[in-house]
Amino acid sequence: MNIQPAKPFEASAWLNTDTAITLESLRGKVVLLEAFQMLCPGCVSHSLPQAMKVRQLFNEDDVAVIGLHSVFEHHEAQGSKEALAAFLHEYRLSFPVAIDKQSANGQLPVTMNSYGMRGTPTTILIDRQGNIRKHKFGQEDDLLLGAEIMALMSEATVPQETAKASTAPKDGCTDEGCTVPQNM
Amino acid sequence: MNIQPAKPFEASAWLNTDTAITLESLRGKVVLLEAFQMLCPGCVSHSLPQAMKVRQLFNEDDVAVIGLHSVFEHHEAQGSKEALAAFLHEYRLSFPVAIDKQSANGQLPVTMNSYGMRGTPTTILIDRQGNIRKHKFGQEDDLLLGAEIMALMSEATVPQETAKASTAPKDGCTDEGCTVPQNM
Amino acid sequence: MNIQPAKPFEASAWLNTDTAITLESLRGKVVLLEAFQMLCPGCVSHSLPQAMKVRQLFNEDDVAVIGLHSVFEHHEAQGSKEALAAFLHEYRLSFPVAIDKQSANGQLPVTMNSYGMRGTPTTILIDRQGNIRKHKFGQEDDLLLGAEIMALMSEATVPQETAKASTAPKDGCTDEGCTVPQNM
Amino acid sequence: MNIQPAKPFEASAWLNTDTAITLESLRGKVVLLEAFQMLCPGCVSHSLPQAMKVRQLFNEDDVAVIGLHSVFEHHEAQGSKEALAAFLHEYRLSFPVAIDKQSANGQLPVTMNSYGMRGTPTTILIDRQGNIRKHKFGQEDDLLLGAEIMALMSEATVPQETAKASTAPKDGCTDEGCTVPQNM
């Protein structure tokens, strides 16, 4: 993967924060961006608890954890801010969450599309300079993620390429994750 | 617990079945009635997968598995039939589910109230004669539930009292379950 | 599987009991016989904790739980009574355990051989009349085992055939279980 | 914790390696030293699989994983090289393991004593300069351990103090770990 600057968060609303969060305001921190859907089983059982564990383990001055609710199916069930707020409350998820802006043509939400995400969960790591350094669709191992976050924390200024290949789950919505349909 | 006849299912709608299911139509079968909310973590991680395992393990002629969506909080998030349908689809839950009828005064839903349930998940076993034989709030062990279902299957006609005490979780919405607030 | 009378326990020693236990002394009870090796990963992680859970859940007057240490490999590591005693102590296993008698020719231990076991773990259920009603190599589900034990408890006197097919793990020593080599 | 140079490995024998491994030969690498006993439940279920995952995740040129079999109880059951070899084989543990040398007076084994370990499992991290940087009795979280290993990998030459307090399990041999008796 070539190192690329992260794209802006295009949110229609935010939860668990008083103000919208911009990528620029996070410059200097390592950012864990966790794209999810509240009805995605692999997100609920694995990736969201993992993101919350990252929030608890690392200092907020070093590592920002941002949720991205990228609804690409079941809009009527997952689409409202109230539903998401109830979900975050019941699952004790306290980090800021952006609701990914729906596109005008009803296809993939805007941020999901600009990041080229294939489905949920997708785990993104952004370095202190604002570059994307990890993009993984599907569930990630705790030991590896902890190591990757610390590697980015240890960097001063010059980012390097990481060679980790992502193993993608099969098509459809499985325990591993939910895949964007091919025609979207 | 004294043996009591099970109360009727008061449903505003049903999913995963073409027709409404009555208690009378289940006479002669052992019935597992699983009350849940789609945003209740203990239901999603434990009790609903357990109910699905019961569905797969036992013959439909012997054991009926019925879900009861008893929403007593977060109505805007959990209250629609569309949201529940999407949830059942994503979590691969294929047994019939009744949406518990909301009461006129906005308190506990009707069936939940008539059964005296304290929250979700609640696992109810009904014997071949239509009597309630188990009422457990919170998560139940697989080994015990399997034994209890088989004990009821083995019965011919005369039900006996079971002495199993239920261990209830603490107040509030924990991993164990969601408790009905005291003022409801 | 045709119903067959269980074979005698051929033990060189017993632990967790003052006296040797005979099959005859258990007549009238349902018996869970759990064959294991202390260095079999699938036994340690699944089947022995499951047997202990059965011990805790059911009444000793109804259900007997008997361990059978059937060593067919690594005799120097697993073969001593002291090693087994230490193992049972550390893993908090308190039910009686028979050390399966080694055969004169150094092949499979005697009880393992007479039961036709293919490896460890093997879970055997014996009914109140002393007949084998379940023989499963590899790990078994809690819900199913609980149901099967209760089915046998519910029987009065006349045993019936059970049709449950056993799903055997692949060859070799995996997480699932340890298989007896083909030449033994 | 003040930074201290790691003490030598005092081994009576080694497994999974042709030659004895010295601390000096590991200089320049981060070292994970995992002290265990083969009959310690918390070691078997958590810490040894974790050490193996570290072995698989990190490059051998960067991170060395060394097991230390520090037997302080049940010597007759755990004390032989053959028993340990069988254990490592069955649990698929392929990293080098030192058998901690028994002391002349029959107390704690020598390396365990020189490191001041309180029981098993104990997880030790040694930096590229040969200094102890982590000493944790009991089970450790994957996410944290991954981060700590990577932090040490990222260091060039000058070690810094880490402030992580270790949370010790209670006395005795629990799922968490096995504690050295107070009189040893």
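Side notes on the structure shown:
Letters are used for the chains, namely A, B, C and D, taken in the order the chains are written, and counting of residues starts over at 1 for each.
Definition applied: a residue touches a chain if its C-beta (ideal position, glycine included) is under 8 Å from a C-beta of that chain, and two chains touch if they have at least 3 such contacts.
Keep in mind that this is a model prediction, so the values were computed, not measured.
Set against the Cα centre of chain B, the chain with the most distant centre is D.
For the pair chain B and chain D, the distance between C-alpha centroids works out to 48 Å.
Between chain A and chain B, the centres computed from C-alpha atoms are 35 Å apart. For chain D, residues touching at least two other chains: there are none. Taken as a contact graph, with one node per protein chain and an edge wherever two chains touch, the assembly forms a single closed ring in which every chain touches exactly two others. Chain D contributes residues 50, 53-54, 57-58, 141-151, 153-155 to its touches with chain A in the complex.
Touching chain B in their complex are the following residues of chain A: 39-41, 44-45, 73-74, 76-78, 80, 82-87, 89-91, 173, 178.
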